[in-house]
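Got a structure for you, written out below as structure tokens; questions coming shortly.
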Amino acid sequence: MNKPKKKLNGNSFLLMITILLFIIMYAAGMIIFADKGFAKPQMFLNLFISNAGLLVIAMGQTIVMITAGIDISVGSVTALVCMVVANQMENHGASAFTAVAFALAIGLAYGLIQGFLVSYMEIQPFIVTLAGMFFGRGMTSIISTDMIAIKNEMFLAWANYKIYLPIGTYSKRGKFIPAYIYPTVIIAVLIFIVIALIMKYTKFGRSVYAIGGNEQSALMMGLNVKRTKLKAYLLDGVLAGMGGFLFCLNSCSGFVEQAKGIEMDAISSAVIGGTLLSGGVGTPVGTLFGVLIKGSISSLITTQGTLSSWWVRITLSALLCFFIVLQSIFASLKKKK
Amino acid sequence: GNKDAGSSEGGSTAAAGSESGDNITVGFSQVGAESDWRTANSESMKSTFSEDNGYTLIFDDAQQKQENQITAIRNFIQQEVDYIVLAPVTETGWDTVLQEAKDADIPVIIVDRMVDVSDDSLYTAWVGSNFELEGQKACEWLNQYAKAKGLTEINIVDIQGTIGASAQIGRTKGLEDAAKANGWNLLASQTGEFTQAKGQEVMESMLKQYDNINVVYCENDNEAFGAIDAIKAAGKTVGPDGDILVMSFDTTNAGITDTLDGSIICNTECNPLHGPRVEEIIKTLEEGGTPDKQAYVEEGIFAYGSDVPTITVDGEDYEVTEVTQDVIDQRAY
Amino acid sequence: MEKDVLLTMRDISKTFPGVKALQHVDFTLRRGEIHALMGENGAGKSTLIKVLTGVYEFDSGVVRMAGNDTPIVNHSPQDAQKAGISTVYQEVNLCPNLSVAENLFIGREPRKVGMIDWKTMNRKSAELLAELDIDVAATMKLEEVSLANQQMIAIARAVDMECQVLILDEPTSSLDDDEVAKLFKLMNRLKDKGVGIIFVTHFLEQVYAVCDRITVLRNGELVGEYQVKDLPRVMLVAKMMGKDFDDLADIKSAHEGKGLGEKIPVIEAEGISHKGTIKPFNITINKGEVIGLSGLLGSGRSELVRAIYGADKAESGTLKVNGKEAKINSPIDAMKLGMAYLPEDRKKDGILADLSVRENIIIAMQAKRGMFKPMSRKEMEEAADKYIEMLQIKTASRETPIKSLSGGNQQKVIIGRWLLTNPEYLILDEPTRGIDIGTKTEIQKLVLDLADQGMAVTFISSEVEEMLRTCSRMAILRDGKKVGEIEGAEMTQEGVMNAIAGAGGDEKHEE
Amino acid sequence: MQLQELEVTRNMKNKFDIRKITGMRLFMPIVCLLAVLLINVITTPGFFKVTLNNGVLYGYVVDVINRASELVILAVGMTLVTAASGGQDISVGATMAVAGAVCCQILSGGQVTTNTFENPLILAMLAAIVVAGICGAFNGFLVAKLNIQPMVATLILYTAGRGIAQLITKGQITYVRVDAYKVFGGYFGKCPIPTPIFIAILFVIIVYIVLKKTALGLYIESVGINGTASRLVGLNSTMIKFLTYVICGVLAGVAGLVASSRIYSADANNIGLNLEMDAILAVALGGNVLGGGKFSLMGSVIGAYTIQALTTTLYAMNVSADQLPVYKAIVVIIIVTLQSPVFKKFMANQKAKRAASKAVAEGGNQS
């Protein structure tokens, strides 16, 4: 009687659609802009190189969004991390290792405080993290209003260490150029894998989903809602700190205006990847594709390269809109079935 | 059209390309379109590197984000452009990506802000404004003007640009040094974020705190407009015969119009027309020459009336242009 | 402490703003007993349970558990679980976004090298589901499961936990007889193992079928603790209500013959169907008639009325209202034609949790009148007061948010909401779910009264007896198909059962 | 026993008035606003001085009320959107820029600066508000009809909006140097009170009356609390959500016109910049739940004034603008903590404890 029907449920269906749309879009880009190098493997790797920090930050964002929360402070945490890291190394002679510790400590502190306010004080996450965003940005400028360039040798060695891959392309001049990545990519991908495993295979991960699905029920089912939420924000904070550090490895500097709007990128990546702001739904894999999709939309626009500033903004959001609407249409089609 | 793959041999690809009717490809990463100045700057690039002039311009708008620019440059490298022109959002953090460009043998020309890199060979040349010099010029003008007018006590407030922007840093430094040197009374500094609305709000607040302000040093024209409104709303007057002198930078069309009637007493230019300068550099490179590492664009200083005909900064003389309708009409931006 | 006492609660008091929910209540649970907790709606049963499991903090009193000399206080359901108390709460409390298996095992997932072992979890779930005869796949998402099965899953979860005390707060309210029987079997098994079970229900026959002892609450106060055998039914009801009451009164015969002689159809549905669930369906509902829809769980009763009401769009078929063909695209169209629909899932489709009782009562009327004709404050208050009075809704005031009412009282508010719109055709999908027996009889009477006044009613209930008492005609559904109508003499418990099970009853449909 | 009860009721009667006030939903927001203002009594003695300067009212307090106007207007729209859809419209700042751009471009007839109206003012303003309404409708369509999450749906115009505004102004700031245009952000005739104050109050009153005189308020709350249940009681959830977004768009348009009139120009990059966050903050400071449902319009309005009071206060204290967010963050956290359910419960418990010990003491005396 109990035939377990192997049917694709709504969410994994959407994830498939998202991945498919990404592949179609990227393939289209490769065909249209073949002469502009879009088809090169390095172009694809660049998506990861440029978005390593964002990917890690978006992982944290995904987790808090699944608890039905949100964290809009990640951008300013990133800026704060970059500034502190740069300031410590350049003005206080800290080593690159100490800098990593600072980055994680900032993330941890943010996670603890915001997590406490959200879970134990029951203050709305948007407001808590909005305050966190204000605070981080303000602190950054209190530390220094100047731009600080990082000249620390070990740090630069990390940042500039190219890892060549056994693939590559020939340049117009006939030179073989091997494809490469930076260590940041490896770290980001590792973190992604760890988070994906945590969300799928640990009690904490599943509790996060349960809380997002229905907080009251989760409580009644005997889950420790408050502690789980605190942990979620803690993890998010640490990931923001880590992401900030990766971001810093990419930009090698600290300044006030850094990473503005990263929070919106992280949120929209997660959403494109199928995470619901109302909680309970979303996967790290989805978010990965969300990041890749956002990255390739920008990449397509840059490659096109004849748009004026305002058309860039409009096109960017038109593509985003197209994507989101398409998803929503697929979702409702699925529901009707 | 970038179909010169066949004719590509050695380093003179682009030159060969342009001779055979093919275009030189230039990738330009612009900060954004945050001000009229920036729009004029983009326009200058676009009109210089047009198809008609034998170029293909790949324009990228970074929307004020450095990370976008880093991505864009990587993209340009993959597109194998002939030159990269970079108007950096920030001065710092370019080592890695410029190294990638260097590895790919693509010359990089920096415009507007300078970059702060560990190795100067990472970029080929720089074209831009000297913001500190702008500040020094403006302050020197004020110094001369005060002498000419017999102003003994100068109570000045500084409406700064967006904190951390090169223009803000340079212009503020110019003022702070001059205030110290000349014994001016620098009452307060507060950022107006280069906008009219904030400029007005900040000025309103300053006027309530200090009633002896006689000079306002606005770090761009928009802030100056706001400040003028705030001053008028407070029942004071601006201009040579008024209560408060308003100084400004950028010399946009709207700004210089206010200089015509003295509302803005002195307006220091910040020239956005970088296109021709960059083209000169590219031409030099195409011909196998070595361009100057640094090239400042020429910038004037405009003032109401002719009380101060010339100023001297660091031993160099600069002529002060008296604003007339003709001057305004003849300006390109 | 007595030797087999598992749990004692002494002198428990709990107040909510404006409500004294519990006052000096004592309760004792013994090993291996099924202990019924009885009382009218709002008597404080759920509150007592929630106090015990740490959902609410209590104001005063002492809780002790066997083998523990010091009083215990559970600060959260988690603590309660650790203390060996496993609970099924009144409203289904599961996570809709997780799979069935996860809902069964969350918080105690089987692990392998520290990671959740999904394979084992799904297998164990399948076993558990099979054991309880629940026809859902372990990998299904919970929100795709019908309410009744969700209820069963919640029970399965609670039962599967190693516990000393099992609490079931109205677990049977949306189950049909088969499921109830299954549940009872299970309860008896646990009882034999020495588990103490607290059982809340409004079905008296269920109390007498399984329980050993009864504790009665009234208005938050303890009435007393009794052995089942010492407390006949009539007395139990009297204790609960504080007055004598004969729930077995034949309310129907009083109305017999009062119905309209002439049959004037109000609703004529022809070929109504809904994708996947309802096969083309004909039904006529006359003025002054109460039609029952009967069938097993998931037979499509709810879906059918939803399609008529426009809550789901019907795929095919025509609908005539008062002889005129009607186009119904959304509930408001149906309402304008004089329909009213009381949904079965109160929590999801019924209550507007944060709004006051008053607003919850008038909202449908207000929607019908339209945005630009707001009801005056006075009108609203009068309407609210009328139904609070009429349905004996227990609430601190009419401005109390509905979410702080007891489950049964919430249901009454929703009934009031629809009566206020003065419908010509009223659809009631499980209207007496979670309602105490006094009020249940009142509602049944009310339905018959309304029918006498010419209202057409469709009545859905999992309780056959209740249907027999109220309906003048019954349509039987099976697997989304109408398989017959019964009327008059056929309308007996047996007749209905036979009809539901299919002719002869030999091909008894398994659920 | 009975005596004691009597005692309690008597005590309650004495305290009744205070309780009624402290129980009000607006109590906390008002207290917070007053607290922020009170800081100034100590730090900036002249803060509350209002003088008639040059025929207009002049002083910090006037500044607070005046500068808060756009925020107040936005907060009203944001409140409705939040209540109905349980999400926020983050495109309002960009919509303001679009409205400003449309208005100024029409007035200047496409030129960069103008000293005379090229087209009638009323036409330009109407067009601007209509365009803003269309922006709102676009958001509303995505949210209500396509069921896209509000923050993401509005993210589209959040990014595109300023681009569209720049497209309209061709990337330049359009100046309308005509005195008649400065009225909305300045002064009207000889009236000593800045016009934006009136505009803000006017729109608050309009929305308030609409909510009072129609059932819209109830509909919005109902839809925000439970969309499915609302549909079943005959509400058109889609339409109601859509409507709130349109209203929000229109109000953003009005705010855009005020902001544009203040600087008599259309600055696509800066009009309404970051104002969406402040508007959301205002809604929260007003004691509203960002998850939708019941709402308090006046709470949001008070929240908006609180934010501006805070900003002006910090300016008056000479806090540098780039460091200001730090203080703002701290104050915001303090305010929301004071309003949080946990804190309220804690206070209630404390009070109950005190009352209990007092009752015990009194009871002891009497027996």
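To keep things simple, chains are lettered A, B, C and D as they appear, and every chain counts its residues starting from 1.
As a convention for this text, a residue touches a chain if its C-beta (ideal position, glycine included) is under 8 Å from a C-beta of that chain, and two chains touch if they have at least 3 such contacts.
Remember, it's a predicted structure, so these values are computed and weren't measured experimentally.
Counting C-beta pairs in contact across C-D and across A-D shows that the higher total falls to A-D. For this pair, subunit C with subunit D, the centres built from the Cα atoms lie 43 Å apart.
Computed from the mean C-alpha positions, the centre of subunit B lies at a distance of 73 Å from the centre of subunit C.
Subunit D has its Cα centroid 31 Å from the Cα centroid of subunit A.
One inter-chain figure worth recording: subunit B and subunit D are separated by 37 Å, centre to centre, where each centre is the mean of the chain's CA atoms. Among all residues of subunit D, those that touch two or more other chains are 166, 171, 320, 322.
For subunit C, no residue reaches two or more other chains under the stated contact definition. Among all residues of subunit B, those that touch two or more other chains are 33, 39, 42, 163. Listed by label, the pairs of touching chains are A-B, A-C, A-D, B-D, C-D.
Per the touch definition, subunit B reaches subunit D in the complex via residues 33-36, 39, 42, 163, 188-191, 193, 195-198, 200-202, 204-205, 208-209, 222, 225-226, 229, 233-235, 253-254, 257. For subunit D in complex with subunit A, the touching residues are 86-88, 142, 146-153, 155-160, 162-167, 171, 268, 277, 280-281, 284, 289-291, 320, 322-330, 332-333, 336-337, 340-343. Of all residues in subunit D, only 213-216, 218-219, 221-222, 225-226, 228-236, 293-294 touch subunit C in the complex they form. Residues of subunit C touching subunit A in their complex: 55, 76-78, 80-81, 87, 89, 93-98, 102-103, 106-107, 109, 114-116, 118, 126, 129-130, 135-141, 144, 157, 275, 510.
Put simply, subunit A touches subunit C in their complex at residues 1-6, 9-10, 197, 200-203, 206-207, 209-210, 212-214, 216-224, 280-281, 336.
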